[in-house]
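Let me give you the structure first, and then I'll get to my questions.
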Amino acid sequence: MSKIIWLRILFLLCVIALFSGCVEDNKEEGLVIAGSTTVQPIVVKAVEVYGKNNPDLRIGVQGGGSGTGIRMVGKGSVDIGASSRELSTEEHLKNPGLVTHSIAIDCLIITLHPTNPIEDLSTQQITDIFAGKITNFKEVGGPDRRIVLVIREDGSGTRSTFENMVMNNTEVSDTALQKPANGAIRFTIAGNENTIGYLGIGYIDDTVKAISINGIPPSKENIRKGEYLLSRELYLVTDGEPTGETKKFIEFILSDEGQILVEEEGFISMR
Amino acid sequence: MGKRLNLENTIRGILLLFSTAALVILAIIVVFLFKEGLMLFQHTSVTDFLFGHKWIPAENIYGAFPFIVSTILVTLGALLISVPLGISCAVFLVEISPRWARELVRPAIELLAGIPSIIYGVFALIIVVDVLRVPFNLATGETILAASIILAIMILPIIISISQDSIDSVPRIYREGSYAMGATDWQTISKVVVPSARRGIIAGVILGCGRAIGETMAVVLVIGNVEKLPLSLLDSGETLTSAILLEMGEAVIGSLHYNALFCLGIIPFLIVLVLSMLSSRLITKRVSRFE
Amino acid sequence: MIHPNTSDKIAKIWLWLSALSIILVLLSILGYVFIMGAGSLSVSFILDMPTNNWREGGILPAIIGSLLVVIIALSFATPIGVGAAIYLTEFTKEGRLTKTVRIAADSLNAIPSIVFGLFGLAFFVFYLKDYTGGPSLLSAGLTLGFMILPTIIRTSDVAMRTVSFSEKMESYGLGATKLQTIKNIVLPEAFPGIITGIILGMGRAIGETAPIIFMVSLNPVIPKTIFGSGNTLTTQLYYLAMEGISMDVAFGTALTLITIILILNYSARKMNNYFSRNLRR
């Protein structure tokens, strides 16, 4: 008999579970942001703080990459797209109404293992290393170590920024290890003295070594002035000039309070 | 009475519907996988896709050959480690294990099967990759071998449990006959028990093979994801599944790149379907043979 | 030529070693996760909201996300899976249909998890966008529900086929209808097997990453509706480890996940033992 009671309880639980989903409020999210994983930490942080002051507003944050973010905002499936690169001409033609808002400055930093004595590389040396023409650090004045390249995956906005700025149509060597995120690149470089890679400035810490390019070190001033080779702006993209909650949220990120969050996440503020 | 029959028929109809659910779901999966994937072939030929050596989405070049070779190497490597170990362990459990050891090993195997693949991956990334680099004097430890080792651990439970069932069902008379002729335990195991159970063992190995081909999370973390054609187990590589996981996040929905990634998914899907049917045939035949 | 007795001894040592190595591998993985994660695991780690972009605080949103996703998966797969098993064992004879369904279930079971991920993305996230809310917890739960359906069909099927034939006949002999027999004899007797299947499915749903990795979002808020986005323990673990946000939180999450799996595994075993003892009486 007790087994039947158990069975009934189980059945009841299933029914409750089935309907609890439908009864819950089916309100659309107030604000949806999607796109670049590089910009995501800033957005998530901003949502965390902004949400405390606006407890009624629901904000959804999704990844997907720069291309997907731009495409989704163009189609109207999200309110804000996040992008780590400027719009391509093709994207401009498709959606002429898209407006970009620079919210922070990022910079790709060439990174080595902390025990690697190399302090500086020229643009040409970097190109040759990533193209696979230089395969040992002794060829650029370093120790006798085989070079292991660590790069982002195909399709990544960070990767296309790097290749546009440094590689001038030379293909990156197909022996490079591909990683899906900045943190994974840092982890790989920190664990292997043969590696070289590029990292967003927010991810530089003492487990890896940042080097200068053409004699210019990656200091905040150099990056803000655009003198360090690989600096770039990060954008939020809207369809037309923003209004309502979208406008308020972008204004929040651009405010003093928002820009402090940008710095806290390791990026460089717009001011 | 008529009402009751009516109720029974209604319930019968609903249950019939439910019983076809697995079939329907399989069909929907096929439709959506192929619908998205086959669009690639308006642009790239099947031969270029299967045998092309270059994968450059930025230039819409999609050759999956290096991924296919990596997948094969990773799977072979995993089988090389897990088949001898798995069969030995199954033999141990059925033939020579004292009760206390069996009570210890069986739950261990169940747990091994239950550990999420992401945790295997993180473990392998931090431990296995480092352990391999120094003794083999490699530039990086993120190699096909590292992926094979972690996959071998992950498929052990499948191989053990299916081989064990099969060895268990070898009739007692076979063993008694062997002992009666003065054979030792090992002679009985290697000459009589394992050969009689071979169908089930092969079925287990095939299932394990399918699991290895389809595994993603553990592999993507340790294989290095290098698009160059790998030549040995000590090279880095990129499997079909790891390429999908790595690139889907940034692929623009509906683009050719997106279609190509679905195509990469079709390959392991078809292979695994064939393997699964093969192994269930072997298992059913074995049962009917002993009955 | 080695003497048969010598080779017998060597072989036995090898067999013992193979079993020992399995225990060692398991212990090293569990031990490693435990040592790395024990420092951050606490009650507040489980019940608190994350702060500072997941670097500090707890992982409550991921736990609730996992819970919701598993509930959705089970409420899809349990009725359909058990219903299918009832039909296969009670309403139809062994034949083409039962064979086809079992092959389909086995095939479904073998499909790589990343393929479920691709499928879920194309089907639930895009094709059924208006019903599922796109990349939502509902999409993730249903994808997982599809994935664990074969587990539940197969275990319930096996459990129902072991129900004793004579008891069923007795029930019919007393004038019970088919439905009454199913309700009073078949389901109660097969219950432990069914529950074991559900627990197994639950463990699989909670531990999978690849099928739902393209559907989750990472903002640290409690999901208020299943039509909105959220994240789970596994996807959060992947994100924490890949973005290098915090290895402490990552291992804390891994330990939480393993603890849940251990509990599920243990209860499935206990449940099975308990019921099979009681039934035999």
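The letters A, B and C name the chains in turn, as written, and every chain counts its residues from 1.
Convention: a residue touches a chain if its C-beta (ideal position, glycine included) is under 8 Å from a C-beta of that chain, and two chains touch if they have at least 3 such contacts.
This is a predicted model, so every value here is computed, not measured.
Peer 1: What kind of graph do the touching chains make: line, ring, star, complete, other?
Peer 2: Complete.
Peer 1: Counting C-beta pairs in contact, does A-B beat B-C or the other way around?
Peer 2: Of A-B and B-C, more C-beta pairs in contact link B-C.
Peer 1: Just how far, in Å, is the C-alpha centre of chain B from the one of chain A?
Peer 2: From the centre of chain A to the centre of chain B is 33 Å.
Peer 1: Between chain B and chain C, tell me the centre distance in angstrom, where each centre is the average of that chain's C-alpha atoms.
Peer 2: A distance of 17 Å separates the two centres.
Peer 1: Can you list every residue of chain A that touches 2 or more other chains, as numbers and ranges?
Peer 2: Residues 37, 63, 179-180, 187.
Peer 1: Where does chain C touch two or more other chains at once, residue-wise?
Peer 2: Chain C, residues with two or more chain partners: 79, 241.
Peer 1: Provide the list of chain B residues touching at least two other chains, using ranges where the numbers run on.
Peer 2: In chain B, residues 125, 245, 249, 253 touch at least two other chains, as defined above.
Peer 1: Mind pulling up the chain A residues that touch chain B in the complex?
Peer 2: 37, 63-68, 71, 146-148, 153-157, 160, 171, 174-180, 187-188, 191-192, 194-195
Peer 1: So in the complex, the part of chain B that touches chain A is made up of which residues?
Peer 2: 54-58, 125, 129-130, 133, 139-142, 220, 224-228, 236, 238, 245-247, 249-253, 255, 257
Peer 1: Please give the residue numbers of chain A that touch chain C in the complex, ascending.
Peer 2: 3-4, 6-7, 10, 14, 17-18, 20-21, 24-27, 29, 37, 40-41, 44-45, 47-48, 51, 58-63, 77, 179-184, 186-187, 203, 265
Peer 1: Within the complex, which stretch of chain C touches chain A?
Peer 2: 51-54, 71-72, 74-75, 78-79, 134-135, 138, 183-184, 187-188, 191, 195, 217-221, 224-229, 241-245
Peer 1: Would you tell me which residues of chain C are touching chain B in their complex?
Peer 2: Answer in residue numbers: 4-5, 7-8, 11-12, 14-16, 18-19, 21-23, 25-26, 29-30, 32-33, 79-81, 83-84, 86-88, 91, 97, 100-119, 121-123, 126-127, 146, 149-150, 153, 177-179, 203, 206-210, 213-214, 234, 237-238, 241, 250, 254, 257-258, 261-262, 264-265, 269.
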